[in-house]
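Structure below; questions to follow.
All chains are identified by letter, namely A, B, C, D and E, in their written order; residue positions are counted from 1 within each chain.
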Amino acid sequence: MIEFNDVNKWYGDFHVLKNINFSIKKGERIVVCGPSGSGKSTMTRCINRLEEHQKGSIIVDGIEMNDNLKNIEAIRKDVGMVFQHFNLFPHLTILENLTLAPIWVRKTPKKEAEEMAMHYLERVKIANQALKYPGQLSGGQQQRVAIARGLCMQPRIMLFDEPTSALDPEMIKEVLDVMVQLADEGMTMVCVTHEMGFAKTVADRVVFMDAGEIVEANEPNEFFNNPQQDRTQNFLSQILNH
Amino acid sequence: ATLDDVKAKGFIQCGVSQGVPGFSNADASGNWTGIDVDACRATAAAVFGDAQAVKFTPLSAKERFTALQSGEIDMLSRNTTWTYTRDSSLGLDFTAVNFYDGQGFMVRKDLGVESALDLDGATVCTEQGTTTELNMADFFRKHKLSYVPVVVQKADEAVAAYDSGRCDVFTTDKSGLAAQRSKLAEPNAHVILPETISKEPLGPVVRHGDNQWKDIVTWSMFVQVNAEELGITSKNVATIKKETTDPGIARLLGTEGDMGAQLGLSADWAYNIIALVGNYGEVFENNVGPATPVGLPRGINNLWTEGGVMYAPPVR
Amino acid sequence: MAIEFKPSPSLPPPVNSVGAVAWLRQNLLSSPLNVFLTFFSLYIIYLLVPPVIEWGLVNATWSGSSKAECTAGGACWAFIGVYFEQFMYGLYPEEETWRINIAVILLVVLVATFAVKSVNKLYLSIAIMVVYPVVAYILFAGGAFGLEIVETSLWGGLFLTVLLGVVGIVASFPLGVLLALGRQSNMPIAKSVCIVFIETIRAVPLITILFMASVMIPLFLPEGMNFNKLLRVLIGITLFSAAYMAEVIRGGLQAIPKGQYEAADAMGLTYWQSMILVILPQALKLVIPGIVNTFIGLFKDTTLVYIVGMFDLLGRIQAASHDASWLGTTIEGYAFAGFIYWAICFGMSRYSMAIERKLETGHKRN
Amino acid sequence: MIDKTPSNNNSFLNDAGNRALIFQILLLALVVFVGYYLFSNLQSNLDNRGISTGLSFLNEPAGFPILIHLIEYTEANSYGRAFLVALINTVVISLLGIVLATVLGVIIGLARLSNNWLVARLATVYVETLRNLPLLLQMFFWYFAVLAALPHPRESFIFADFFLNKRGIYSPNPIFQEGFGFVIAGFVLSIVAAIALIVWAKKRQTKTGLWFPAYWSSFGIIIAVTLLSLVISGFPIEFDLPQKSRFNVTGGMVLPPEFVAVLIALSTYTASFIAEIVRAGILSVNWGQTEAARSLGLKDSLTQRLIVLPQALRVIIPPLTSQFLNLAKNSSLGAAIAYPELVAVVMGTTLNQTGQAIETIGLCMLVYGSLSLSISLFMNWYNKKMSLIER
Amino acid sequence: MIEFNDVNKWYGDFHVLKNINFSIKKGERIVVCGPSGSGKSTMTRCINRLEEHQKGSIIVDGIEMNDNLKNIEAIRKDVGMVFQHFNLFPHLTILENLTLAPIWVRKTPKKEAEEMAMHYLERVKIANQALKYPGQLSGGQQQRVAIARGLCMQPRIMLFDEPTSALDPEMIKEVLDVMVQLADEGMTMVCVTHEMGFAKTVADRVVFMDAGEIVEANEPNEFFNNPQQDRTQNFLSQILNH
């Protein structure tokens, strides 16, 4: 479903992604972790071309990433993304936030789009807030709306970039619950997170990055109990002890 | 009273134009000359016996009346037309006429226009806030001519607009036309049309209500006209004063009686005016006469005895 | 069991993503639209720059005594040269202009002393705010110490422009502070008086205020009392900029946390003590950029005095361009005026930006 | 404990409330006194000088011409009418200026954000140049310097039936003949049809999701129907073409240079400020919003239109309002270059002809005050409409 | 020293202080606690009339609080106050912060004021920072400066409004130490705080407020071990367990 072949990326002179080789199958759930600045976000954002890579190839759903605008559009329709800071549109109601892309990108009839939006809002358990504005919701509610917004495009892949790290502890659970439920339904997911509990529960594979490289990628059991690399051990001991 | 104030400060504050050659114009070193300037100097000569006891305030057309009303200046001598409204409702008093003028038009020679009646459809530039603005309107209305009015803030700019070709015609008092023409790059490329479309008696103005001061300014002017009529000039006035036997001249020059006291002035006030500033004819010739760049003929401003309308009441 | 992780070395980026070529590609030619825009911009530059250089430098005439001598077809800078004195000092008598120069030098020296650490800032401020204006006034106007009187109607040119701007801003400052404090106070009458004043002035153009100053003020004064037109215009400009100044200062007052007011109160300081010692020093420091911007606005606006018949820099240039022997030099005059105004305003706006940047870090721990 | 003499000097003056009250009464008294003093001076000054007061002069014939009048005006009309003409001139130049300055300002502001280096630099040069030069200087430039460079009427630049010379820009003036009502009817009809089309397109989208380019096609409908009705009714329109005459170009419609210079100066000057406001507004929208929109698959043009601009507007409107106010106030500088707006006609000519300083200046201030007020009210209303709902 | 008789205060329609009756003797050290919004700050700020009360009377040091400016001035000279957010004047050096009030309010000669300031700075152990600006000090240091500033007016009473709640844990101790020392010297103190350790060590009485009323006031031993009221018990269990 997603394939990274020898992907390299630079910010100016700074080499952020080094020779990333990796592939994700349909329905797989990948958790990406690693120290700050290791390139996790950058790699994830390359998947829907919020960032350009300069060498190697990324193929998503059979379509290669390049400057071709049509390809980018096609891929973005298929990939939903949830950001750390939600990035809801503050000038639109929750319902409008959700129907915006279906109407303008997929050309879904408005009525239909609204029905679908209500469906997803129910799934994240905030259907009753549909007519409010993002500013009127709590952080956890906002993040759930953001997930619902991603789902409304009925993507085949969902990307999460630290979806819970801007939330207060009580709210983290609400959001993780929704994500676990999604995972259970078989959605292909790439999730940058440090919630190791979540990783253990749902991940098919955990990817550990450092300094722009994939240091280790393994299924959770192995990864947590028997890390192959020094670096990984080190990192795990830090975040698990905290 | 104004006379006391003036005496106390030792000079007369006189409102003049911001530069009309021949009427009131400052040279590069700030010396003022012109007919209007001489009106102020004559008054100073009468009051102080010193024609230089004047300070000048250059004023635009729009500011001049308030400057006088507020007491910023003691007299206004700025080619100002004597009209009914101004005299009756602005709190002003006109004193005498030092130049009989009339509004005219100046156009480029190469347009081939010979009469103002040919100006149908022309664009006309004029300065804002003067009687010319109204006279121009009246003229074109009366003759059912169409025109495009361009009313500019300042005389200088109106001329500049005319010169740059924004307008075909520049209109103001004929004296002003002559003066402005002398400032243009090629004075001979412009003609002043023969028509005079209005009466424009120009003269010094004072505040309403101070009769003594008004009389002083008025009679300073009349003295100059009388002097010309009597053949007294700045050159011969000293001799005449000594030698005269004519009781009229003696009264005028203060050798007999004390006419000055009635105005609160010294006995030789009139003598000072003539000696220091000259008679009206001299003033005219020195500032705007044919020998000057402005080059105006004496015309209607000649003495009544010479076919003009300059006529001053007798000093007696 | 554990393998040591060695990060692989960073490689230099591929050539086509850095360097001049990449820069060109990214910044000028990244899409067809961008290629078009680039060429369009180049065309505009081609249209504007070469002719201006040709006119202003290559074909310019630098000296001469009338427009007729400017035969090279370009700018006639000789005009500026001939009138330079007038543009700077107006009709101020030539042999007296040293007085203006001295006053300017004095001011520069005084302000520069601010940078010297050991000088008492309080005395220096008093010298600048109180002593200097008196000295400068005597220098400019004369009439004392054997200086010849120079009437204000002769003042003009850049001298007048700067005078109007500086006096306007300095005089409006205390008034602006009072108005701002009044508007912030909780006394309803004082507050409404200030609001009415500020909002009325801000609602009307400066021209009407200047007209009021030059035409209407005399009507409101008792007979016999009247003051100089320059002074009237200065009053008008001061009242005008005081209203804007008040709004700027009010912004600063609002930015001071409530705790500062409370702490001052709790220490037993009176209203005026707490304002002068605690609140205003902080508030004013915050709004220096705003004050500089007000000054820039005012400085540009001083040109309007031309409309009420005073000859500042622009007025002098406008008048000079009507001189018969220099007709057709308007553009040169405007270019010269533009250069001076631009240099001053641009310089000041950079200065205010620099202050803004400095303030951003100023209150932090260092 | 040491008992200090408790200050029982509850003197009236020491009471905080009383102090404030007394201060305010004094202030009020001062204001009233100064007001009264000035007013009585005014009274006595006016009496002494025999200057009449009141607005009755507005009914007297003005006697002076006005270059630009959008309503019927001749010298025989009253000062009141002249005032109205000037008022309209001020309002018209302000509104046109606001529209032009906004359009230009938005373009320059976007250009400053362009990822084309050259375009961004050019826009910066524009902004830094224009906003650091006095507006009056710019007006003089556009009027005196550009005017001098234009040809005389006899050597006009001619483009079809358009003329350009020192006297202005001349264009054909349409004169509507009898059958023109038919064309107007056609035009109105086509607008109704266009609206109907848009409504229908929206409904259809809601139901089926199919898009119909309603805006473009309704634009087409309006043009087509109007042209068609013109043809059917046999072109009931005649053009008064400008023609060279002895002095000027006559006939046609003319934009005098005074008007053009004021309009250009006002709008280019204000645009340099608006550009900065627009730039700051757009930059204030979090980059995350753009990324979120992109990741939803929205095209960049849609992202700008639906996401960035609506949010930027919120930041832009308040400072934009004050620029509009400035522009309206700055229109008064038109007086300096013979554009007959309020200051020129009322505070210039009328004041001079009638001497009614108080009344004329008062009227002008009143008009500017209400103009400012109405712009503020409108923009505040709009701002409120646009503002975000927060928790 | 301080007497509240039937004090009532409203913010608009909101009744914040209800029938407060309470008196504090010379040299007494009072700790005030209670849930957020219960009116603790408001009551404390009434003592030096940063807030006006609308009913009842407050008598401080024999002077009744009313609109009389002379009285307010007299009381403020006698009452020092330390705020939660220090409220030092950032444009003045530490020394200037301390000497401002003595010089301008008490008209102490500058030299004398500076000597006294240095004395108090030594007491709070930061004499070496006297010429720095507040922005250059840590939070704990700033709060100690604030205390020294209060002391410089040589007040008979000191008020503290949550003096440690804006500080990091390490700094809390520095500040509390200074306060304990002050208490030992016999200063009359009113301190709003949730530091129960501090209350136990120094307080003569602990006052518990809720909903604008004084629910219970007792000496610390009794208060902590044998609270009379349900509400108090409840509150204590919350903050002590935390």
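The definition used in the following text is that contacts are C-beta pairs under 8 Å (C-beta built on N, C-alpha and C of every residue); 3 or more make two chains touch, one makes a residue touch a chain.
Predicted, not measured: the structure shown is a model, and the values here were computed from it.
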item	value
Third chains touching both chain B and chain A	C, D
Chain whose Cα centroid lies nearest the overall Cα centroid	C
Leader among chain pairs (count of C-beta contacts)	C-D
Chain located farthest away, centre of chain E as origin (C-alpha)	B
Rotation angle (°) superposing Cα atoms of chain A on chain E, nearest 5	165
Centre-of-Cα separation between chain D and chain B, whole angstrom	44
Between chain C and chain E, centroid-to-centroid distance (C-alpha), Å	48
Centre-to-centre distance between chain E and chain D (centres being mean Cα positions), rounded to whole Å	57
Inter-centroid spacing, chain C versus chain A (mean Cα positions, whole Å)	53
Multi-chain contact sites of chain D, meaning residues that touch two or more partners	45-46, 48, 144, 148, 335-336, 351, 357
Multi-partner residues of chain C (at least 2 other chains)	215, 219, 221, 223, 307, 318, 321
Complete list of chain pairs which touch one another	A-C, A-D, B-C, B-D, C-D, C-E, D-E
Chain D residues touching chain B - in the complex, by the definition given at the top	45-46, 48-52, 63-67, 74-76, 144, 147-148, 152, 166-167, 245-248, 250, 256-258, 335-336, 338, 340, 344, 348-349, 351-355, 357
Contact set on chain C toward chain A in their complex	1-5, 7-8, 10-14, 17-18
Complex interface listing, chain B residues touching chain D	61-62, 65-66, 69, 85-86, 88-92, 111, 119-123, 128-130, 133-134, 136-138, 141, 147-153, 160-161, 164-166, 168, 207-209
Complex contact set, residues of chain C against chain E	257, 259-260, 262-270, 273, 277-278, 281-282, 285, 363-366
Partner chain C, residues of chain A touching it in the complex	8, 10, 12-15, 18-19, 54-55, 210-213, 215, 227-233
